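Read through the structures below before going on.
Below, subunit A partners subunit B and then partners subunit C, in two separate complexes.
Up next, the complex of A and B:
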């Protein structure tokens, strides 16, 4: 039985309500690409998600449709998900080299007290 | 746009925590309690994974199928600006579907399996999309009130515990803001227009009120299942709480326009702060969600036809030596 619809686009396609669907084979699809988006020249590209695509040209095209529909965009990168190498969250202790890292923090170097004390001492000696 | 994932209250549920490692489970629950997100590589209970796949997949299907009732009116939108806006909205919905399929894939279910389960009727989608958009005003009511309901749900879920789903929802919620304003503008335009326009939008509202009341699903507050899913931040609020939030935000806006809702018992109880309403027909809800609604067959036929007609393109571009990999996050 051909479906009667309120939507002329459905009617045009003369869809059979009783047709069966052969089904798709699992994992039988294109590559996934991770997408990186740059809002403005000079800024970093930021990871925004991924697309399914058969090659990098179409990954860029789908990336544009998916992640650049609104707002400013000047550039996109795509890279095959398979080519991204990542650390494991379970190993996040590898980033804990020491408990505190003030020695590599600019704010932890306070010299004004010593400078002022030195100036005071030199003035008295004169 | 999306309502709540539907759990059949009569379905036999597996024992949720059976066979889970108690130490890992305690770590997992502590991480969620601290407000940390779970990422695809992390250990997670089987039932957490299963429920999230089911929920994100239903959400993705709802975006794709949800594009159909509104899309009905693209060819006959009244004017160029309305047509542009409607096409943009429908494109957004399909884009949301793609984002969500990717999020579900990170949990290990392939896109093909999800599409197969949609077309075979095994997976559900939001029940409201099994109803037809009879007039242009129906598309306006959908864009305003169904999207409003979806935003209540999606904003809640975006504070959930699964990282990829939250990130997809953040993008989606930002875009839905336009849908809501577009829908409101459209309804206000008709409601403040000619007598014919006003009658048309009133009819559409009357038609859509029962599906809107169904939108958040049957009461689930007392379910044991809900309690665990809420502790895991898979579910962020009970169906009743979200329905109350929606009524509180939108009934006054509907009444402001002098439109009438087809429920004489609908009113806010000022003592409890809660809305009182006639319980919608949940038997109809169950009948429709299980396949017997006015548009179920059409919605699935459209999806099946699109898949079949587009298959040659997919096949022509596939490289047999390239192995598909699960997206990162």
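Up next, the complex of A and C:
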């Protein structure tokens, strides 16, 4: 039975409603690339998502339309997802740090009062 | 700028050709929305189709300033024989290779056309050409990347692209069909003329096609599929227009 639709484009394709899907084989899908977006020259590139693509040229070409068709963009980076190395979430505790490290805390600098005074002055001048 | 009657007629002829090409191809390409080969490409192709409709709108707006009707009226109330688009853009979308090669041939011609129009003596058009530059540059980047990709894919992709090049080539030559105002346009420095654009286009697409191991037919204008610029279209256009104007026709005075 052919699919009947309100969309004339679907009717024109004469799609078989009883067709069975054969399933995916490995490599049916292209690899993914992570996309990084820069809004202004000199600023950091920010990760915005990923695209499927067979190579970096296609990834850049797709990245533009997926992530840069609205809003300001001056540059895009793409990196193969496979080339991104990550820490293990099981090791998230390595980022925990004890608080008793005044020697690392800028708040304990002896010149802090002068720094704050300077900041205040600059703010007023603005 | 004071334009003579003949210059106005020449400009209108040029603008109608360009705007109708954009509108019809934009609509055709939008028929892929939701049916594209992969998600990313579906979005990219749809977005470029929207660019084309937007460009058509702005070209129709210049026509409006030259005394023609409102853009919507121009777009939605004419019959096929009042359209000046080339025959190539009217053809149904076919298989994806046909649409992709048409996009490749057409947008490479657009890029050259608008690059030269950026220094047109008719300021409103020159300003638009500079505004469209980035969009059209991306369109050709997209097209050229795909042609390269498919030419270097497998036997099937290579054969399909080559067949679509062979099938589309004479249709593509119809893009450059000359109108009656060719001399006026060139003499007034509004436009460098279809022949000059075509020669640059042929050199450009030939280089790309041959660099990826495919072939392009020889440039023989006697095979060009012409007539579109004079309103003589194949049977594909009217059914498309009927579908495109279906909603508008329900209530032409509706405010959107």
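Everything that follows uses one rule, which is that the second predicted complex is superposed on the first by the 78 of 126 C-alpha atoms of A that agree within 3 Å, B and C clash if a C-alpha of one lies under 4 Å from a C-alpha of the other, contacts with A are read in each partner's own complex, and residues count from 1 in each chain.
Simple rule for what comes next: contacts are C-beta pairs under 8 Å (C-beta built on N, C-alpha and C of every residue); 3 or more make two chains touch, one makes a residue touch a chain.
Just so it is clear, the structure is predicted and the values come from calculations on it, not from any experiment.
Once chain A of one complex is fitted onto chain A of the other, the partner contacts of A:64 are limited to subunit C, with no touch recorded for subunit B. Once the two complexes are laid over each other on the shared chain, residue contacts for A:90 go to subunit B alone; subunit C is not touched. Contacts of A:3 after superposition on the shared chain: subunit B is touched, whereas subunit C is not. Touch counts on subunit A: comparing subunit C and subunit B, the chain ahead is B.
Of the two partner chains, subunit B is the only one that A:23 touches; subunit C does not reach it. By the touch criterion defined above, A:34 lies against subunit B but remains apart from subunit C after alignment on the C-alpha atoms of chain A.
Subunit A residues in contact with subunit B (one complex) as well as with subunit C (other complex) are 8-10, 13, 30, 51-52, 54-55, 58, 65-66, 69. By the touch rule above, subunit A contacts subunit C in their complex via residues 8-10, 12-13, 30, 51-55, 57-58, 61-62, 64-66, 69. Against subunit B, in their complex, subunit A makes its touches with residues 3, 5-10, 13, 15-17, 19, 21, 23-32, 34, 48-52, 54-55, 58, 65-66, 69-70, 80-82, 84, 86, 88-90. Touching subunit A in their complex are the following residues of subunit B: 39, 41-43, 68, 71-72, 74-76, 88, 91-92, 95, 98-99, 102, 105, 110-113, 115-116, 119-120, 132-134, 167-168, 171, 175, 297-298, 301-302, 304-305, 307-308, 314, 317-319, 322-328. By the touch criterion given at the top, residues 31, 35, 38-41, 43-44, 47-48, 92, 138, 141-142, 145, 148-149, 243 of subunit C touch subunit A in their complex.
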